[in-house]
Amino acid sequence: MSSVIRFGISLDKNLLESFDALISDRGYTNRSEALRDLIRDELVRREWLSGDVVAGTITLVYDHHTRELNARLTEIQHNHHSVIIATQHIHLDHHNCLEVIVVQGTPQEIEKLASRLKAARGVKHSSLTMATTGKNLL
Amino acid sequence: MSSVIRFGISLDKNLLESFDALISDRGYTNRSEALRDLIRDELVRREWLSGDVVAGTITLVYDHHTRELNARLTEIQHNHHSVIIATQHIHLDHHNCLEVIVVQGTPQEIEKLASRLKAARGVKHSSLTMATTGKNLL
Amino acid sequence: MSSVIRFGISLDKNLLESFDALISDRGYTNRSEALRDLIRDELVRREWLSGDVVAGTITLVYDHHTRELNARLTEIQHNHHSVIIATQHIHLDHHNCLEVIVVQGTPQEIEKLASRLKAARGVKHSSLTMATTGKNLL
Amino acid sequence: MSSVIRFGISLDKNLLESFDALISDRGYTNRSEALRDLIRDELVRREWLSGDVVAGTITLVYDHHTRELNARLTEIQHNHHSVIIATQHIHLDHHNCLEVIVVQGTPQEIEKLASRLKAARGVKHSSLTMATTGKNLL
């Protein structure tokens, strides 16, 4: 179990007013939560630089009519199956599929998989989202 | 149906060698596909600036033990149900959940939903991935 | 003149320890200054979205031997002189120049200038840095 | 000297039309130059990951009235003088200064300097722009 610590920070009045306007616009109901989010975002960026195990998602958009693309994507995913947790598939329209692959592993492993998928012919778009396992962000 | 056009580009020899090394390292087997990916990435960035309908994913990591968080996340998603296509949920460990929400709508609507979810107390990490409906990226 | 306000924020002990390690590594000597920097970064991002007057820098790297490039860059800058404050020029080596153009204006004007400069033949690299006039970041 | 190589790429007609519209809007007069810029941007991103010598700029905005800030910034820059090429200073208004520091060195050295400067009390904004020495982008 982890305990909560309270400490004070000092801020220029004008800066605080701008910050309060920003976070209220984003739907925050208190400053602590907004500041915690800023802090966690910095820590997640660092996790990805550190080489420790992280979680993330790879989003693909592709035309499933492209010859042999399904087979190719399946082959690539099997070659990297140890970092893949689960996949979700959406039929955007008659041609376009959106697939989200949830991954967990070292940044290097994940980036290698993401770049292999992006390089497959017929994949129109691929992006890697850097998330976190949450373990160090209690 | 769309037809394929072939045209020539001229590149300095050294620049071409660096590019060939880069794309081979990323798993591309031909230059056209690598160049198409660079072009599509630029077009997707523009789609998100233009205000047209786009697709994307919102990735959340949260501790499902946080009091009332599940109810809050469900409520927010229902308030924005028209932009949500589907959700996938992963149990990362005893505490941490990773949830991927596939969305389609205007960038403004999507960003509003993403910022509401991020602001919910107990959400440790939230990121918005800008993908595409693929319609204009034949 | 602006006054300083002090308020409390509550943070999980583990999260605070990670944050303290991060900021000490970056050379911060107190948490308030680190948190102020996170807040200001968010506010600067918003300034660039709001359309208000901002400041920034455009960094160019180019080979000054490219035929007519100097004339072209000068022409572009004169066409947008109202947003340019000053320029600094560095001779990186026999071929390569690095030029930093300090700009102030609306994001739209600045982005238009940056994209014109980038498009000039012979410009090897161009990047736009989003800074601030500092007026709203007291 | 480096020679120019010409090769063909094939693109779907619709994709090519979108690309042509995008680059004409950005001020490009031919496709080759636009594609070269996309390629170089990828190569510069890789340079920064590779650890080789790169060039860049650090942009600071600060209130020069902050007690001892000038002395502190000068001290930090002297501690890292080997990576600093030149500095330009702009008086934005009565309070705010914008300073651009042109740097050359390994990404690690440059990022350390940038993070020290950002951490100094009174610096309102600091951003690091990743540019290039241009040597490998002939």
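General observations
Residue numbering begins at 1 within each chain, and the chains themselves are lettered A, B, C and D in the order written.
Going forward, contacts are C-beta pairs under 8 Å (C-beta built on N, C-alpha and C of every residue); 3 or more make two chains touch, one makes a residue touch a chain.
This one's a predicted model, so the numbers in the text were calculated from it and none came from an experiment.
Measuring from the averaged C-alpha position of chain A to that of chain B gives a distance of 9 Å.
Put simply, the C-alpha centre of chain A and that of chain C have 26 angstrom between them. Multi-chain contact residues of chain D, defined as those touching 2 or more other chains: 40, 137-138. Viewed as a network of touching protein chains, the structure reduces to one closed ring of chains, two contacts apiece.
Listed by label, the pairs of touching chains are A-B, A-C, B-D, C-D. Those residues of chain B lying in contact with chain D across their complex are 2-16, 18-19, 22, 31-32, 35-36, 38-40, 42-43, 46, 136-138. Interface residues of chain B facing chain A in the complex, by the touch rule stated above, are 23, 26-29, 33-34, 37, 40-41, 44, 55-57, 59, 61-63, 85-86, 88, 90, 92-93, 95-96, 98, 100, 102, 104, 115-116, 118-119, 121, 123-127, 129-135, 137-138.
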